[in-house]
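Have a look at these structures, which come just after this line.
Presented sequentially are two complexes of subunit A, the first with subunit B as partner and the second with subunit C.
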Partner chain A sequence: MNGRATIRESWVLIAPAFLFLLAVIALPILRVLWLSFLHADLVGNQQFSFAGIDQYDRLWNDARWLKSLGNTVMFTFSSVAIELGLGLALALLLHRAFRGRGLVRALVTLPWVLPTAIMALAWAWIANDTFGVANDLLQRLGLLRAPVAWLGAPATAMTTVVLADVWKTTPFVTLVLLAGLQGIPDTVVEAARLDGLSPWRRLARVTLPLLLPSVLVAGLFRLIQAYGAFDLIYVMTGGGPGGATETVSLYAYRNYFRYLDFGYGSALAVQAVVLMALLSWAIVRWAREPGEVS
Partner chain B sequence: MIAPKKVIWAALVLMSTAAVGIGCAPPSAHGPATSTISVLLPPSERPFWQPIANGFEAAHPGTHVDLVEGPQSTDLRESLYTTSLLARDATFDLVYLDVTWTPKFAAAGWLRALDDSFPPSEREHFLPHAWDAGIFDGHLYRVPVRTDMGLLFYRQDWLDSAHVHPPATFEQLAEDAVVLGDPPARWGYVWQGAQYEGLVCNYLEVLTGYGGYWIDPETNDIGLEDPEAVAAAHFLVDAPQVRASPPGVGTYQEEESRRIFQDGRAAFLRNWPYAYRLSQQAGSPLVGHVGVLLMPATDGGRPSGTLGGWGLGVSTYSKNPELATEFIRYAVSIESQRALCAPTGYAPALEAAYLDSTLLAVNPFLTRFRALHRHCTVRPAIARYAQASDILQRHLSAALAGIESPQMALEHAAHETRLLLGPRHPPRGTAG
Partner chain C sequence: MTRRVAFAIAILLALAWSLGPVLWQILTAIKPDAQITHAPLVYWPHPPTGEHFRAIWERKPFGLYLLNSTFIAFFAALLCLVFATPAAMALARLLPRDRDRVLLTFLVLSLFPPILLLFPLYEAVRGLGWINQPVALVVPYAALHLPLAVWVLESGFRSIPVSIDEAARLDGLSVVRRLVRVLAPLATPSIVTAGILVFIFAWNEFMLAVTFLTRDQAKTVTAGIASVSGASLYEIPWGPLCAAITLATLPLFVLVLVFQRRIVSGLTRGAVKG
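For the complex of A and B:
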């Protein structure tokens, strides 16, 4: 068999999939990149013109962008940190053998399968001051004297959307970490126990280091998802109150679909992707370092 | 090794022909229909448009009207229309437009001017505010089908037993709300304060009552720093602070506020007529107990309600613009207005519908509504309305959340709006 012919044949075979990916992923990305260098504001002028880096220049003078970037960072890091902690605890719990474990594992994944928009609407009602079950419970427990409008003030609104996100996506982290735990050979943990390591030290010295790749996968996935959070916040607060929960993706969406400013909307999207890519790269590099040393 | 290669090529050819075949599928599978027009509608309205479409098809043999069911959310339907029109796509011949979309869609070049088919002389057949909302830059782009306005509903029975007159000023409204309320069991005044379009509608009514204005579309003047505008913002911001409104009013949209009223837990409700309709349905505890008012006013202002409503425009990319225009003509006939408004309780846009015995029999409120509709206040017809509204929403919401003082919030909003709209220009006719 001729090697070159095989290579040519392989190209032909992957061509449909390759062209498909090119059409649905690469082309739109290139188009957004191109649009971000244009004055493409349909309401102002229907003719697009080259803008150079004008749209990116606009970012630095845009207080609303800086605010939304701050909100996004706040939302992303707090929800991912809580999810990793909670997800790890749940995964360790579910990894143990107990009666009804199958049922509990199924129940834990329930929030993850619910459509975000629906659960976001439910959370908005839960947080409601007059009808909300959160206020009712807290008042019955004596923790609150008067009902609080959780989505009505910046700090509590941010906390509430983070909690809703944690509720929704912790199951994902739990599942990934549970799979990771199951990949750790029992013999290793057993050996650590025979060596007399306390449960905490076993966790810190044996289980966690071995689980690190799974933690990284779950963390990176969640980081990217939370950074692009849209539906949850769109439904729960619409970015309010006073823009206190508006994320970059919400702002970009509004530039596209409400303001018809495709140039600036694209610049917002591109900077979001670039920042996220840099962050992911830094995390992956940081995670690789200890591996290279040992 | 020739045979497998042939198979691969054959497969590729087959796949590409299949793809071309899908691309060329006939747009309509409705037998002999020669021309089709389509429109995207909210699912709640679609059943009531069906008889109108059927009637039109019967009157125009060989045509088909495709009523596409979209999402219920106004924003999502706007996004769908936007996506389609942006792609210069002819999927929708007609655009079912909210009152605030017209300037933006027209400025983007997505709507056909309808002046030839609906000349200004036709204005007298429609409710004037509803008609005027379809005009941008001197041309008609949207023909109103049904109209809406913000109103102040109140518990007639509570006011009567407390010997309180319906409020005519903001001071009276605030006072009555405090007197009639017994928080948290009973609130005085519920309204929409979440950061969304509804907040702007609420504010605009109060602003008009104080005699202020937001944006003058003729001159680009911005009135948000005037004392009237600050007083109007103070009225809304103070309401929850004096416990006239619930603490969460800054998170409410229509439904959150309506449910409190419907449950018999509020004396005053600012909302759209649908709230009244639901309160008067069989089985509702509020039947016969609800009065209707305009938002009050102080000296120098006028009582008003913000104009809402829906109308039809013709897409620039329609392949059947004449037929689409004819459909609009049919949709604003008295028969169609009856078909749409009798079962739903919507307020028709056609003047003659308010004298129609069938409609008045099922919806006696229409007579009162027609009288109130003269006092509409309208959102500015500017192409950059969405941005201007978002600026105002953010800062009013910030004032309600205590992030900014009303004065500061409006100064910021005015400054940002000025940057957005550019310098003021002299009023038309006085230049030069």
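For the complex of A and C:
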């Protein structure tokens, strides 16, 4: 058997996929990077000209950018934190054997499979101030005295958007953690039971430490996705009220297609990704550290 | 006994949380207008009505939306598989070190947020005269989900014994024949899984669709429905809108029920292998 020919054959089979990704993903990334160093807008000068780091310089004096960055961080961390908690609870629940488990797992996965933009409308309807079911249920349960205009005020709008995101993406965390739980040998948990550990202790001392890698993977993926969130917020609030839910993605989109300032839009998109990459890198580094010690 | 009851209640709560928002849309969709805007809230429609479903068909080119979405999602999945299947077949036979390197590269490329690619892709789509053309979405959707497809397919191909490859090779079959005649049929389950997942994600995509399709007749169902958002959110006729939401999510609901195991395991594999 000719090993070298096999290897060459392998690369020939991989090359089309690789070139396709290069053309549709890598080239646009280079282009947006280049655009971020240009004066490129259809408002003032029609000609694109080299700007150096002018576009990035503008960021520091742009209060709206700072606010959108704050909103993005707020949205990302609160939704990911809640999702990890809720996703863990659901995963532990669905890991136990019971009749109809496959169907229940599929139904719990459903929110993640539905279109975000469309379910954003569904949530806007649920949160509707006069005819929304959220207000009605909360009032019936005695948790609310008067109806709230959820999407009408800054603080409640952010809460509502986060909640809708939690609904939509918790299944992702649940699935990753379920796979993680399946990787923990039953004998380990059984041994802890025989040692007389209570269920809570078994969870805290045995299951969770072993599940930590999965939690990190789920958290990191969700962090990256939530940080780039667009559909949900664009549809539910359009960034409002008064910019209270405008994320960096939304602000960049506005610069592209409303203000026709392509240079600044590109700089916004690029800096967002750079910040995210740095954060991810820091998290991965931090996660690896304990492993190096032991 | 109490523990079993507590467990059952927990499962019911999980289901209510996951399905409640969807059920509420369906209930609103079959509720007469007077009951939608009734205080106190009417939960159960009496009697159920089909008027909103008729209304969306008259008000918007809803049939076209569904057709466009199906067409675009189908060809995006197909194009994606055409690139992903040979790559996955080869990756499954590479040395683990090389394989992991390539898979990681694919993974990193799929992590970039779409907003970063949006404008350059828009420039390209405009330059090629693809605005309002299905191909403007088919190509980027195929590329954006290629990494996921490769991850899912690769583990499918890896589970095929190498001896089958070698027997086919000794029989003198070319690469293409080996892939099409021998390996792909054996990997059908993962090919179907990858295809369904790409179809679903293409059906759901919004940002590119709403930017590249401006003519109402060309829109996908996601872009068509959700573009009523923003300020107009307060003047929306909720009955027809909930009917539209119901119709747009129904195909996915059916896919999840029919292919439940496949979708769950595919999503898990795609998500976890990092």
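Rule of thumb we're sticking to: the second predicted complex is superposed on the first by the 279 of 294 C-alpha atoms of A that agree within 3 Å, B and C clash if a C-alpha of one lies under 4 Å from a C-alpha of the other, contacts with A are read in each partner's own complex, and residues count from 1 in each chain.
By definition in this document, a contact is a pair of C-beta atoms (placed from the backbone, for glycine too) under 8 Å apart; a residue touches a chain by one contact, two chains touch by 3 or more.
These figures come from a predicted structure and were not determined experimentally.
Superimposing the complexes on subunit A yields a three-chain arrangement in which subunit B and subunit C clash. Once chain A of one complex is fitted onto chain A of the other, the partner contacts of A:111 are limited to subunit C, with no touch recorded for subunit B.
Contacts of A:154 after superposition: subunit B is touched, whereas subunit C is not reached. In the superposed pair of complexes, A:241 makes contact with subunit B only, with no contact to subunit C.
Of the two partner chains placed by the overlay, neither subunit B nor subunit C lies in contact with A:209. Of the two partner chains, both subunit B and subunit C are touched by A:131.
Put simply, more of the residues of subunit A are touched by C, taking subunit B and subunit C as the two choices. In the superposition on chain A, A:52 contacts neither subunit B nor subunit C. By the touch criterion stated above, A:9 is placed in contact with subunit B and with subunit C alike.
In the superposed model, A:257 lies in contact with both subunit B and subunit C. Of the two partner chains placed by superposition, only subunit C is touched by A:17; subunit B is not. Comparing 22-30, 40-48, 328-336 or 382-390 from subunit B against subunit C in the aligned model shows that the clashing stretch is 40-48.
With the contact threshold set out at the top, residues 1, 9, 12-13, 16, 124, 128, 130-131, 151, 238, 257 of subunit A are in contact with subunit B in one structure and with subunit C in the other. Per the touch definition, subunit B reaches subunit A in the complex via residues 1, 5, 8-9, 12, 15, 78-79, 82-83, 86, 104, 107-109, 184, 187, 194-196, 246-251, 256, 259-260, 265, 383-384, 386-387, 390, 393-395, 397-404.
Residue ranges of subunit A in contact with subunit C, taken from their complex: 1, 6-7, 9-14, 16-18, 20-21, 23-29, 31-32, 35, 90, 93-94, 96, 98, 102-126, 128, 130-131, 133, 136, 151, 167, 171-172, 175-176, 178-180, 214, 217-218, 221, 224, 227-228, 230-231, 234-236, 238, 249, 252-253, 256-257, 262, 265-266, 269-270, 272-273, 276. If you check the complex, the residues on subunit A that touch subunit B are 1, 5, 9, 12-13, 15-16, 42-44, 46, 64, 124, 127-131, 146-149, 151-154, 237-244, 254, 257-260. Residue ranges of subunit C in contact with subunit A, taken from their complex: 7, 10-11, 14-15, 17-19, 21-22, 24-25, 28, 36-37, 39-41, 83-84, 86-87, 89-91, 93-94, 102, 106, 109, 111-124, 139-140, 142-144, 146-147, 150, 166, 169, 175, 179, 200, 203-204, 206-207, 210-211, 221-223, 225-226, 228-231, 233, 238, 241-242, 245, 248-249, 252-253, 255-257, 260-261, 263-264, 267-268, 271-272, 274.
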